Amino acid sequence: MTERTTEQAPPRDPRNEDPAAGSATLDTVTDSDPDGRSRGSSSRRRGERVFRGLTSGSGLLVVAAIAAIGIFLLVQAVPSLLANNANFLTSPLFDTRDPANLNFGIRDLLAVTLLSSLFALVIAMPVALGIALFLTQYAPKRIARTFAYVIDLLAAVPSIIYGLWGIAVLAPALLPIATWLQGNLGWFPLFAPGNLPVLTGTIFTGGVVLAVMILPIITAVTREVFSQTPRFHIEAAQALGATRWEVIRMAVLPYGRSGYIAGSMLGLGRALGETIAVLIVIRAATSPSSFSLFDGGYTFASLIASAASEFSQPLPTGAYIAAGLVLFVLTFVVNAIARVVAGGKVNG
Amino acid sequence: MPDAQRSGAGPSMGATGLDAPERPADAPTFQALSTGRKIKDNLATALVSLAFLIAVVPLVWVLVTVVGRGIGAILSADWWGRSLSGVLPESFAGGVYHAIYGTLIQALLAAVIAVPIGILAAVYLVEYGRGRLAKTTSFMVDILAGVPSIVAALFVFAAFISILGGVQSAFMVSLALVLLMLPVVIRNTEEMLRLVPDELREASYALGIPKWKTILRIVLPTALSGTVTGVMLALARVMGETAPVLVLVGYSQSINFDPFAGNMASLPLLMFSELSNPEAAGQYRIWGAALTLILIIMILQLGASVVSRFSAISK
Amino acid sequence: MRYQRRAAAVGLIAASALLLGACGSDENAGGGGVSAAPGVTCGGKPDLRASGSSAQNNAMTRFVATYQQTCQGQTLNYTPSGSGAGRNEFLGGQTDFAGSDSALKDGDETNRAQQRCASPAWNLPLVFGPVAIAYNVPGVTDLVLDGPTAARVFNGQITTWNDPAIAALNPGKQLPAAPIVVNFRSDESGTTENFQKYLVAASNGAYGKEAGQTFNGGVGAGARGSQGVADATRNTPNSVTYVESSFAQRGGLGMAQIINSGGGQPVPLSTESVGTAVNNVQVTGQGNDLKLDLNSLYQTRAPGAYPIALATYEIVCSNYADDQTASAVRAFLQSALSPNAQQALPEAGYVPLPEQFKQRMTTAVNAIQ
């Protein structure tokens, strides 16, 4: 991406300029038009009103869409929630086979979702930071552009492929690391033995796959922000004799920090909602989650996707919609935090 | 950005990256770099390069695998022109035309709905919006950007199929894709609109042109390339979404031209469906379809960057 | 800006050309060696719709290919959306027949069927597929199991390969002292249901869990789809799973020989051994409704009969309101019963219907009106 030109005067806000707002001279000019080709102040104002209405209607539509998502999901979920025999928040079961006896809860879903996504974030954030720094501050421009394009292309790889790659290649490759971690750090709750009899296809594996998947988005946003660091900040630091790292530390990182955080939150949101790769990689377990990275199970998204073909009866479907509602709330919160932190520096 | 050309002695900057400033031959007034700072600098370089390498290895591996395993499929002429109608699971005959068509038509329908709404909403945010509604809209656009595709699919299922009584079809998938495309279109258009110089607007107002005509005839065309870029990037984003096609439409091995009824294939759905095929032909189709999808998305992304280079506005 | 518009226009035209179907075709001549079946009366509705069990999906694909070849211009669109969804869609009139791993339940479902068809609905078991107990145990190539032992492996009571119960059935073989890793189907599946029904029926109560489409054994790790469990077993030493035989064979997994309830010699999985079991199965339905008592399959005592198989029914109306639909359904089922279609089944992992059974099916199919 090309860099913005700096040192402009603060842009004037187009919203403050409305030529139709009470300029008597304009009215007299048009009224005195002898050809009768005057647009006519009333029709001009009508066009203005229509267009204005259209645009604010579109804006309203976006707000309404979010509200509608929340409302419709809630409406479909409530009957199933009322018919639920288990505690929605604390039950590890998710049994919707018998519509007359629903027992579903999100405890395990929450555990697996949060563990896998946060683990992925912990891996992806430093690596993305490194890549972004490398591409903007260290690499020659041509290499930077090529690799930036390659990394963007990786966002295009379908998630099924990541899933297949995850179980076929990554899981066996990670096995020695997983074995070492459990053998030596097994006392730490995150590395304790989980509810799977194997160390492949666990949240650990899934988290690494997710990290690879969210790397492009975090890198893209961070790279964008770093490349917009004001040139004179960098030059000033260099003029003071700073080494490259010190320039980064003094000029690039402070400027880009909020964008980096916001990009990471965006990546977290993607990880939370990732469906197919998780469905293929993380294996189902037979006992409740023990909050270890070596557990198996479903995330919200993978559970809904696994049941997608069974949406034939209203009450069981409502249970999955309730899970979807929780996921919606979760991503809402994450994105709200990102928005507050970044204050609009993020490109959706 | 023009290269900084300076004559005479003094620090020179390469047009790329940052070089440590050169020192004149004899510089008793400059202190040598302290060891501590040098170590930190080298360490930082090492870590950053390491991060880059760690990332590059799996990413390049994935790309190489997809290309390697999929290239055989996409090089066959049948692949692009035929469907899988009547083809047995173990046969290498047939192609994925039905899936390519499905992917394109679903994305196109979504674009037809999302692009006008998106552009209008962006115009609202930049040109008209003030106060609570605008702030809320901008906030909600960011929220919408983070809504997972499975949630969007569930919403369309809950609203349009369960409550309003529609049927599963490709059009439902398009509706879900609209939700996913909107934020990208809005944000990109918004950015481009903000970059249109105010002088253009003022000149237009000075000629007596009303605001709405100014926007339609002057501002939007100036921002056109950025908008087109945004649309292409949005399309690239939604074409690979698997969740909506799992929930909202059924798979078919034959071509179905009707997006409003019946099962329709698409590249992600074909891949998901072939996962349960144990034959070698199943793998062949999965990797081939993956490479096909990546190619289509790559063309869109390339197109987007080409269009943005013809931009009337320098970013 | 002109070049922009031109480029965009060109792009749009190219895309529309592709989309308008100028270059796509459903004709796939090299589809895979199917031939037209003799003795089938074609005719009727050109586009049949059916949905249901995914366990018979592979067989359905072959049947549809034969049907298309036999009756030009006619086809069937089968959606493997699951047995429950399939039955629901048939009872709701959205499909012409259903593919289901279990027959219509007495009571609610048979009543709705009576309403939908204005006549009784028939359960026609068209597809039988053997289910293998597939294992990956280094050094062991001909594992033998029986009902009770298998049940105790799959419910976690037997935990190591060299357990005395397994050793008793496998004298002289080197069984490792390693823990058994059970791989089960995490998605709802008819294979799981049939396998658990077998464990319940043939283990004399040793299984202790309910049958159902989700695995209730309470032990092991799940994997998605038959391919998933086969891959998981291939990649994990000392693991075992239950999976359709075609997946086991392609994955290079061992398939256990089973001692059936008759207590005789261990029976290897083969077309003949499963065919023997199918031939001896009891039909509990009346007349042309060929609902089976699958316990007679799982508990078969016939020598040389392999007891673990899944059966899927095609649920049809005995008397369709619309003659066109009836003709088409008859034509499809006739072509599915033809030797051409049946011969293609073993390589897909299914068992051709034994002659006796096929006779009964043919009579029933021809009676559809």
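Here the chain labels run A, B and C in written order, and each chain numbers its own residues starting at 1.
As a working rule, a residue touches a chain if its C-beta (ideal position, glycine included) is under 8 Å from a C-beta of that chain, and two chains touch if they have at least 3 such contacts.
Here the structure is a predicted model, which means the values were calculated and not measured.
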- Pair with more cross-chain C-beta pairs in contact, given A-C and A-B: A-B
- Taking each chain's centre as the mean of its CA atoms, the one lying farthest from the centre of chain B is chain C
- How many Å are there between the centre of chain A and the centre of chain C, using C-alpha atoms for each centre? 40
- Query: How far is the middle of chain A from the middle of chain B, if each middle is the mean of its Cα atoms, in Å?
  - Reply: 14
- Query: What residues in chain C touch two or more of the other chains?
  - Reply: 81
- Query: What residues in chain B touch two or more of the other chains?
  - Reply: 275
- Item | Numbers and ranges of chain A residues touching at least 2 other chains | 280, 309
- Task: Flag every residue of chain C that touches chain A in the complex, lowest number first.
- Result: 81-82, 84-85, 88-89, 179, 181-182, 184, 186-188, 212-215, 217-224, 228, 231-232, 235-236
- Message: Please output the residues of chain B touching chain A within their complex, sorted ascending.
- Response: 1, 11, 13, 15-18, 20-21, 30, 33, 37-38, 40-41, 43-45, 47-52, 54-56, 58-63, 65-66, 116-118, 120-121, 123-130, 133-134, 136-152, 154-155, 157-159, 162-163, 179, 182-184, 186-188, 191, 193-194, 198, 201-202, 205, 208-216, 236-237, 240, 242-243, 246-247, 267-268, 271-272, 275, 286-287, 290, 293-294, 297-298, 301, 314-315
- Message: Quick check: in the complex, which residue numbers of chain A touch chain C?
- Response: 97, 167-168, 171-172, 196-198, 200-201, 279-280, 283-287, 296, 306, 309-310, 312-313
- Message: Help me check something: in the complex, which residues belonging to chain A touch chain B?
- Response: 1-5, 11-12, 14-15, 17-20, 26, 29-30, 39, 44, 47-48, 50-52, 54-63, 65-66, 68-69, 72-73, 75-76, 126-131, 133-135, 137-141, 147, 149-162, 164-165, 169-170, 212, 215, 219, 234-235, 238-239, 241, 243-248, 266, 269-270, 272-276, 280, 300-301, 304-305, 308-309, 311, 314, 317, 320-321, 324, 327-328, 331-332, 334-336, 338-339, 344, 346-348
- Message: Per the contact definition, I'd like the list of chain B residues that touch chain C in the complex.
- Response: 80-91, 93-94, 97-98, 100-101, 104-105, 108, 221, 224-225, 228, 250-252, 254-255, 257, 263, 275-279, 303, 306-307, 310, 312
